[in-house]
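Letters A, B and C name the chains as they come in the text, with residue numbers starting at 1 for each one.
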Amino acid sequence: MAGKKIIITGVPGVGKTTVITQAMESLSEAGVPYQNINFGSFMFEVACAEGLAQDRDQMRRLDRTIQKRLQKLAAEKIAAIDGNVIIDTHASVKTPAGYLAGLPEWVLTALMPDTIVLVETDDDQILLRRLSDTSRVRDMEGAASIREHQQMNRSFAAAYAMLTGCTVAFVTNADHLLEHGVKALVTILK
Amino acid sequence: MAGKKIIITGVPGVGKTTVITQAMESLSEAGVPYQNINFGSFMFEVACAEGLAQDRDQMRRLDRTIQKRLQKLAAEKIAAIDGNVIIDTHASVKTPAGYLAGLPEWVLTALMPDTIVLVETDDDQILLRRLSDTSRVRDMEGAASIREHQQMNRSFAAAYAMLTGCTVAFVTNADHLLEHGVKALVTILK
Amino acid sequence: MAGKKIIITGVPGVGKTTVITQAMESLSEAGVPYQNINFGSFMFEVACAEGLAQDRDQMRRLDRTIQKRLQKLAAEKIAAIDGNVIIDTHASVKTPAGYLAGLPEWVLTALMPDTIVLVETDDDQILLRRLSDTSRVRDMEGAASIREHQQMNRSFAAAYAMLTGCTVAFVTNADHLLEHGVKALVTILK
């Protein structure tokens, strides 16, 4: 379908939502509107519409095969949207069994994104942001663990780009330099 | 088939076998039995059963197309096993022509593992373990080369996870802390 | 087809062409002839033959779907060549929208290379080579940016190797040690 499909990712606490919101405002003013879709929420809506789940907990307990079908279906629906779309998701998710690809093969081939953006910053900045954010309960992890997560996300992104031909862009959201991150994202999305 | 399929990898000298053996004992006591399959040995048995090879040397000299068919067949047979299986193999193997993927696309799609575990530790610890292990003849390489190998294995693992949706877990087998590594592996395998 | 298909890559300024040229001379003398194909130029010839483009600018402006078909067609033609071939290309290309995979899935599966070689060296050496090369106009970037590019190329290479089963080899082209790089490449190509 016409319009760009841009995946935007970032580890928890990097400030991804803030960067996206401000970039969308700037793009809207510049006459390049984007709609923002949270992949997890969108998948949940699809699950509800298909009668597969009534709440998030149910969705997490779905059989692996059904989960995959649901992910693929959600990706197909997003790919079919006419217009520019930001897909807000994770390059990888930390689980008790290890890193889980946010964009496995069956999602990528259905979505065929133009670009995957990794919003990043120094691991110690992310650590401090997490510590000072009392609004969310997050599993605590040290700076080394955050660095590992960000490095793995780059490897995941390279694999995603090999499969789809999308570009991989890094946007830095450093302390006191939010406007630089927003500007970098706007440049990519234009 | 029912049961988890867990791939466990690690560079030579990291102590992968020791960690696997102790984790399996602990899991057996906890009522979560696993069988351990060495992928190379299993492939050799398949080759013998198919009349393709009588010894390991013959197997290495097989035509590339036949090697691939053999790898795929072995992976399919493991995937069909009913019960929990550890697949002991390599994320990548150092050859004179460079790093070779231990789990190429045709193996992964046949196997569809739940998790790939990378047993790791500091490169200098691995170097010293190799130097003090007089029971095996190994190509010598320095700590920088071991570090490179471990880093490449992480990139390979990300690509494997993209294709299959398996998780990627790191288990550290540090000097004097074997029990921590075993415990971490047990947590993943439970 | 008979003969090795070796992909050789390296970031701008690493001296890839010099290493390839000297390695080919040495291999020719040793009775192992290779032909060298620049992937971009080869694709342009295919585009001209297909009546899709008359100049490079036209080719860059082609529709994404046609570009993909063209890349795949070029890869198929190279795979069909009888004899040893070096394919000179990039593991990834820096674009305004981020890193673009030089070898996306449809190129790799058509080409099925034996090996991908990454010609590398320290990022500061590359920076100085770029600064002193007045014959080409290049976008300026710092050493940190070059290091990032080289690291991403390793992740891309791992994904390429997962899909095709090719090996990934690193050849260092360090200052004053060109002959070592050439020798390393010759060893891989023999």
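Keep in mind that, in the parts below, a contact is a pair of C-beta atoms (placed from the backbone, for glycine too) under 8 Å apart; a residue touches a chain by one contact, two chains touch by 3 or more.
Everything numeric here is computed off the predicted structure, so don't read it as measured data.
Looking at which positions face the partner, chain B and chain C present mostly different ones, since fewer than half of the interface numbers are shared.
Least-squares overlay of CA atoms from chain A onto chain B yields a rotation of 120° to the nearest 5.
With each centre defined as the average position of its C-alpha atoms, the distance from chain B to chain C rounds to 31 Å. Those residues of chain C in touch with two or more other chains are numbered 155, 158-159, 162-163. Those residues of chain B that touch chain A in the complex are listed here as 114-117, 154-155, 157-159, 161-165, 167-170, 187-188. Chain A makes touch with chain B in their complex at residues 68, 92, 95-101, 103-106, 108, 148, 151-152, 155-156, 158-160, 162-163.
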